[in-house]
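Heads up, there are several structures right after this.
Consider the two complexes below, in which subunit A is the common component and subunit B and subunit C are the respective partners.
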Partner chain A sequence: MTLGRFLLRRALFALLLTFVASSAALLLTLLSPGDFAADGTFGDPELMAARRTQLGLDRPVAAQYADWVSRAVRLDFGQSLLYSRPVAGLLGERALNTAVLAAAALGVATVLGIPLGIYTGTRQRGAGVRVVRTLSVVMLSMPPLIASLVMVLFAARTGWFPVGGMMSAGASEMSWAGWMADVAHHIPLPALALALPLAATLERLQGQAMSDAIRQPFVRAAEARGLSSDQAMLRHGWRVSLGAVLGLYGLMIGSLFSGSFIVEVVTAWPGLGRLMYDALRARDLYLVAGCAAAGAFCLAVGTFLADVLLAVADPRAHMEARS
Partner chain B sequence: MTRRVALLLAALGIIAVAAPWLAPYSPETQYRRFLYAPPMRPHVIDAGGWRTPFVYAIEMTDQLSQRYAEDRDRPRPLPWFDSDAVDPVFLLGADSYGRDLLSRLLHGARLSLSLSLVAALGALLMGAAIGGVAGYRGGWVDEAAMRSVDFVVVLPVIYVALVLRALLPLALAPPTVFVMMAGIFALVGWPFVARGVRGIVAAEREREYVVAARSLGAGTGRIVARHLLPACAGYLLVQFTLLLPAFILGEATLSYVGLGFPEHVASWGTMLIEAANPNAMQRFPWTLAPAVAIFLVVLVANVVLQSDKIGSNLIRRA
Partner chain C sequence: MNRHSRALLTILIVAAILIPYWLLNRDRTPPPSALLPAAAPVPTRGGSAVASTRTDPRSFNRLVHGQIATEIVSMLTLGKLVRIDRVTQQLEPWLAERWEASPDNQIFTLRLRDGLRWSDGVPFTSADVLFTLDAVYDPRTQSSLASALKPGGQPLARSAPDARTVVVTFPGVFAPGIRILDNLPIFPKHKLEAALAAGEFAKAWTADTPPSELVSMGPFMLTQYAPAQRMVFDRNPHYWRRDEREVQLPYLDRLTIELVPDQEAEVVRLQSGRTDFMQHGLRPSDLATLRPLELQGRLQIEELGVSPNADSFVFNLRPERWAKDPRGAWFNRKEFRQALSHAIDREAFSDAVFLGTAVPIHGPITPGNKDWFWASVPRYEFSREKARALLAGLGLANRDQDEWLEDERGNEARFTALVFRGNAVLERSAAVIRDDLRQLGVAVDIVPLEPNSILQRIVGGDFDAAFVQFFASDTDPANSKDFWLSSGGVHLWNIGQKAPATDWERQIDELMIRQSATIDMDERRRLFNEVQRIFAENLPILYFAAPRVYIAASARLINLYPALTPPEIIWSADTLAIRDGGTSR
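Now for the complex of A and B:
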């Protein structure tokens, strides 16, 4: 398979994933008991019926679905019933917030995990290695739910960081630089809560891959040609170990998304996960479908980027028939 | 590996099964005079020297800030040896309703662990069956099963569970919630199992012993069940060790956001709702006890996995 065809297949998969995920979310919401019309009517059947007609919720499921699809392909995701705003605008805002959080977490995980993995992988024993390994098992056992609760406790006890939210109350009136500083003050704890287990996973994998790679003959050969052993390991050993590590990035995008949901709920980060949760609770069907579409799209783009990265770093990867 | 998993299971099982006898109080009794009572520290020494372990009774000193102080003149036995039902002894403290956290933690262990156990077994069964058939039959069955697996595996699991749960009726009786959550978890968990089982079965079915069994006239069902699935035993065990903590977390997450068990039912997830308010959590950190329990279970599972070659190999392949 050529690289072009490989990329094309991945792009098609991304579209299919977005379509199926959002359709499934919409249909499930349509078919589930209860709808948005019940909200705020105090169970008055006449009022509820009137609202259903007004919102178009009394039409057959197939008609509502067809209507939604015909508009969604033109990127019109309808009006959110809960927020009385176009879904698309709401999604853009919240997806950006989630993306910022996820990117920060991925960055922190990489910066922590990769160097530590190289360290534990090249040195098989010693007190430092043992400390890192122990820490890494502990971090691995702190899933985002637990980690974010610990972070909130830390913030509340020390007062060094805000306990929740993405910006302070008056942030919209601040200057651009002030706003950035404000967000930068809010982001460390949620990002760390999301990043720590990932950093531990990366450290474990990089350590394994590294200790495999440095036993390869070409690392010895590089040393024999006169490279210092550090250089041989970094320039030759690490490069080869990257294949396995980059492969993990594709999978990590999924766990970033999963993890960010609970982190967003615990630390009140206004992201896609919280929006989806609110939409589900309120049975705001267009918003549910929109969130699913946006989430699936981000997920597909993330995995796609990871695949491209892998293909560039290790040209053998895309030769295998992967879908 | 097998022994360690068995040990882990046995320990968790004993706590879960014996919870009603181990728990000193009912998990739902509210002691209104002891809202947010702090953990009472066991002592073994008093002014008169060594004694059997005991605690000092507590007295509220400030109604407004919910502060309590030890009353050094009133030693009390540990809760299991204490018959006073009015003035309980809180070894792990009390929550915002004055319920004993230790009792809730033990009863919660029972609910959370049995739920994830049932769900994990369900996921293993489904995964082994579908993966086994796909790997053995090959062809379009394999293709269809693995394409759908690919699709589910890329989705963030928690969102799938969230959507499925959120769209079912919210207020349900605890047993219904139990069955429903176990079903949802099994449904999102099986593809991970199926993928690995399929790979192992597809590789094993060409081996001599399978060919021999087939030529002796063994049917498909017999070969898969008696010869191929045992080859996956190690893999299934590892998957079980991965799924169990994942489902405990799943329950905690869903219950925490209000989509799991109702609040009064003690599970590790519903107990964490107490910690949702940062101010209360910071002043009464003992409400985080279930978080510590979850952490310990996940830690033990990780240590079991890590201590074993199979485990680390699988993590590498994942």
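Now for the complex of A and C:
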């Protein structure tokens, strides 16, 4: 398969995934009981009915869906009922905030998870290995809600970090450098709440893959050619072991974009996950569909990036793809 | 691993345990200046405070949206002609400095204060008042306030003889009189006239409107809004109100409201001193968490009394709902609901749900509503024997030796109760009721749903029972006619009837109409007690407990004037001040 065809296939896959996910989200929101017109308070039923008519929510589900599809193919995702703003603009703002958080979390998870995985994968025994593995199990079994609350509590008790939010009240009046420093001060705790379970996943996966890789004949052969054990492990064993780990990155990117809503809610991070949460609670169907589309698109892009990285790290995978 | 490595590892593990322990438990006693002094300090201007709330405003247009964050923006940035003091429940002059009523109590002439100005310097006149009423009554606005401002179903007639005088004429005698104007924030004609003329008022002042385009008549101006992060309100330099020393209010230079969607995170912020107060009162579980901080002098916690609002267990009494359902033969009978009321141990309910911070109640008017609470309202004391006897009288008995009662046709005594998902108090309440009724042999299937879904189901009549929260806008029952009248939009058990479906609802309708058209207060109370008696006999809604309301605020905040109803502290934000003149946050 040529690179062009590979890219085309991936692009089509991304479009299909985005369309299916957003359609499913829209239809499920339409079919589930309750709609936006209730406004979260008891009120005049006639007023509610008038609002429903004005917003077009009293039309048949098929008509509403067809209307949405006809606009979505022109990249018009409609107007958010909740915020009275175009969905695309809202998604852009919030996706950027989530991207900042996701990149930080991914970086922390990689910096912690991969080296620890190499460490536990190449040393089968020892107190250090046991400590790392125990911590990994604890992190993996800790729900994001608890992890976030622990981080918020830590910030509150120590005063070392802001308790939540993305920037301070006066940040918009700061210089660019001041603004960056302010965001950087806010980011560690939500990023850690997201990163620690991912780091634990990476450690477990990298450790297992590394443990398998160092037993491969080509690693032994490299040692026989005169490379030290560490050199053979890092130059040959690690690259091969990355295959399993990189495969996970695509899913991690997607989950960071679409599944971080608990962390965003608890730490008051104004990201895509929180937007989705607010949209679902208010039954803002166009915003729900838009958020689902953004999450699915990020998942597709993440998977694609992971494939590219995998091809770079392990030429055998590249060859398989070409054949 | 050699000895040195082991020792190092041991030190690391011990440090990993001890350092977080120290961080979380180190003494954080505040400096003496933060401790509460014995004498009440004199409030002075300056400083800023930080509050938190859980949701973004859907709009800045209170005429259209009634959600709490929109209400907060309205309270801080707009003014009303008259205001109900939420602590005393008395009507007080606000933008109108005085008023006169005609002998028949139908025509009110209100005189506006001299020199009132919007935050942009434009004079505030009677034209703004007429404009706002026009906007409310314009059907294109779809105002959420329109119904409350139509006593007897008719709009108020209004005129403005001059720039400082507004004349409001009621369609008939209406006992609360201009108390209903407490519902009405006045909007600026000079900013929104074009929108109303174009039929676009509902789309004006949305949450997307830049704060610089808004003008204020309240104590603060919205100067920054970062969606999902915070709203920043700065002092309105043209605010009209002064304290007894002629100091212009508000005392605070700035009030920031952080948007924190998670309630636990909100409490942690208050604990850490990052916020000064929360928009809502404390949950029972928060009290135990925050009491130690009160002892350290870092927080002030105040019990305000019993809430005038209580959670409502609503039965669907629409005849059409039960026309084809065989359960209707007993579900629709008042004896069934009386039996359920007997079966709930309200003392135990208060302890289990509110951790002892609630009082048992037997009707919608709680002891927190001092003017209208009737201590002699009929009660259903806890008695499973009486409950079983009432159910037996309906033909409900355990016929197949299982856990549940059945009627004569073999239908189980079972129904579904909807409950607001994510509302811990309501979910816990529903679980207690389910367990209590299970001991009686009545099965309740609890279904948690999003609030919007439940509201829509109640409006559409698609439910058996529902456990809901809703707040009356005023303690005067005449201002809650939407709830009491069979034609009302909040007559939850059978909304919007064209004619009363039952004889007791017809009686309540008649009594409420007479009550709201009677000026004599003693007579009004007598009529309303009769309404409460009929309600208690027929029990379309069960009430179990009214919580005591607690608020917490940082010790640096002074001059609080908290009310029993939310938003307890923000409603009087113009009097809030920072101790010793205010260090900015």
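Things worth noting here:
Heads up, the rule we're going with is that the second predicted complex is superposed on the first by the 296 of 323 C-alpha atoms of A that agree within 3 Å, B and C clash if a C-alpha of one lies under 4 Å from a C-alpha of the other, contacts with A are read in each partner's own complex, and residues count from 1 in each chain.
Methods note: contacts are C-beta pairs under 8 Å (C-beta built on N, C-alpha and C of every residue); 3 or more make two chains touch, one makes a residue touch a chain.
Predicted model only: the values in this text are computed from it and were never measured.
Under the clash rule set out above, the superposition-derived model of subunit A with subunit B and subunit C contains a clash between the two partners.
With both structures placed on the common chain, the touch criterion links A:Met174 to neither subunit B nor subunit C. Of the two partner chains placed around the shared chain by superposition, subunit B is the only one that A:Leu299 touches, whereas subunit C remains out of contact. In the superposed model, A:Ala282 lies in contact with subunit C only, and not with subunit B. In the superposition on chain A, contact of A:Leu234 is made with neither subunit B nor subunit C.
Of the two partner chains placed by the overlay, neither subunit B nor subunit C lies in contact with A:Leu27.
Judged by the touch definition given at the top, the superposed model places A:Leu55 against neither subunit B nor subunit C.
Once chain A of one complex is fitted onto chain A of the other, the partner contacts of A:Ser141 are limited to subunit B, with no touch recorded for subunit C. Within the superposed three-chain model, A:Glu46 lies in touch with subunit C and out of touch with subunit B [touch as defined at top].
Applying the stated contact rule after C-alpha superposition, one finds that A:Leu149 touches each of subunit B and subunit C.
Among the candidate segments 4-12, 148-156, 166-174 or 238-246, the part of subunit B whose C-alpha atoms clash with subunit C in the superposed model is 166-174. Comparing the two complexes, residues 32-34, 149, 152-153, 155-157, 163-164, 265-266, 277, 280-281 of subunit A contact subunit B in one case and subunit C in the other.
Those residues of subunit A that touch subunit C in the complex are listed here as 32-48, 50-51, 54, 82-85, 93-94, 126-128, 131, 148-149, 152-159, 162-167, 169, 172, 265-268, 270, 274-275, 277-278, 280-283. On the side of subunit A, the complex with subunit B involves touching residues 17, 20-21, 25, 28-29, 31-34, 137-138, 140-143, 145-146, 149-150, 152-153, 155-157, 163-164, 204-205, 208-209, 244, 248, 251, 254-255, 257-258, 261-262, 265-266, 273, 276-277, 280-281, 288, 292, 295-296, 299, 303, 323.
By the touch rule above, subunit B contacts subunit A in their complex via residues 147, 150-151, 154-159, 162-164, 166-169, 249, 252-253, 256-257, 272, 275-276, 278-279, 281-282, 285, 288, 291, 294-295, 298-299, 301-303, 306, 312, 315-316, 318.
Subunit C meets subunit A in the complex at residues 1, 5-6, 9, 13, 20, 23-24, 28, 55-56, 58-59, 65-67, 139, 142, 144, 146-147, 203, 206-208, 224, 226-230, 232, 256, 258-262, 264-265, 268-269, 271-272, 274, 449-459, 470, 482, 489-490, 492, 495-496.
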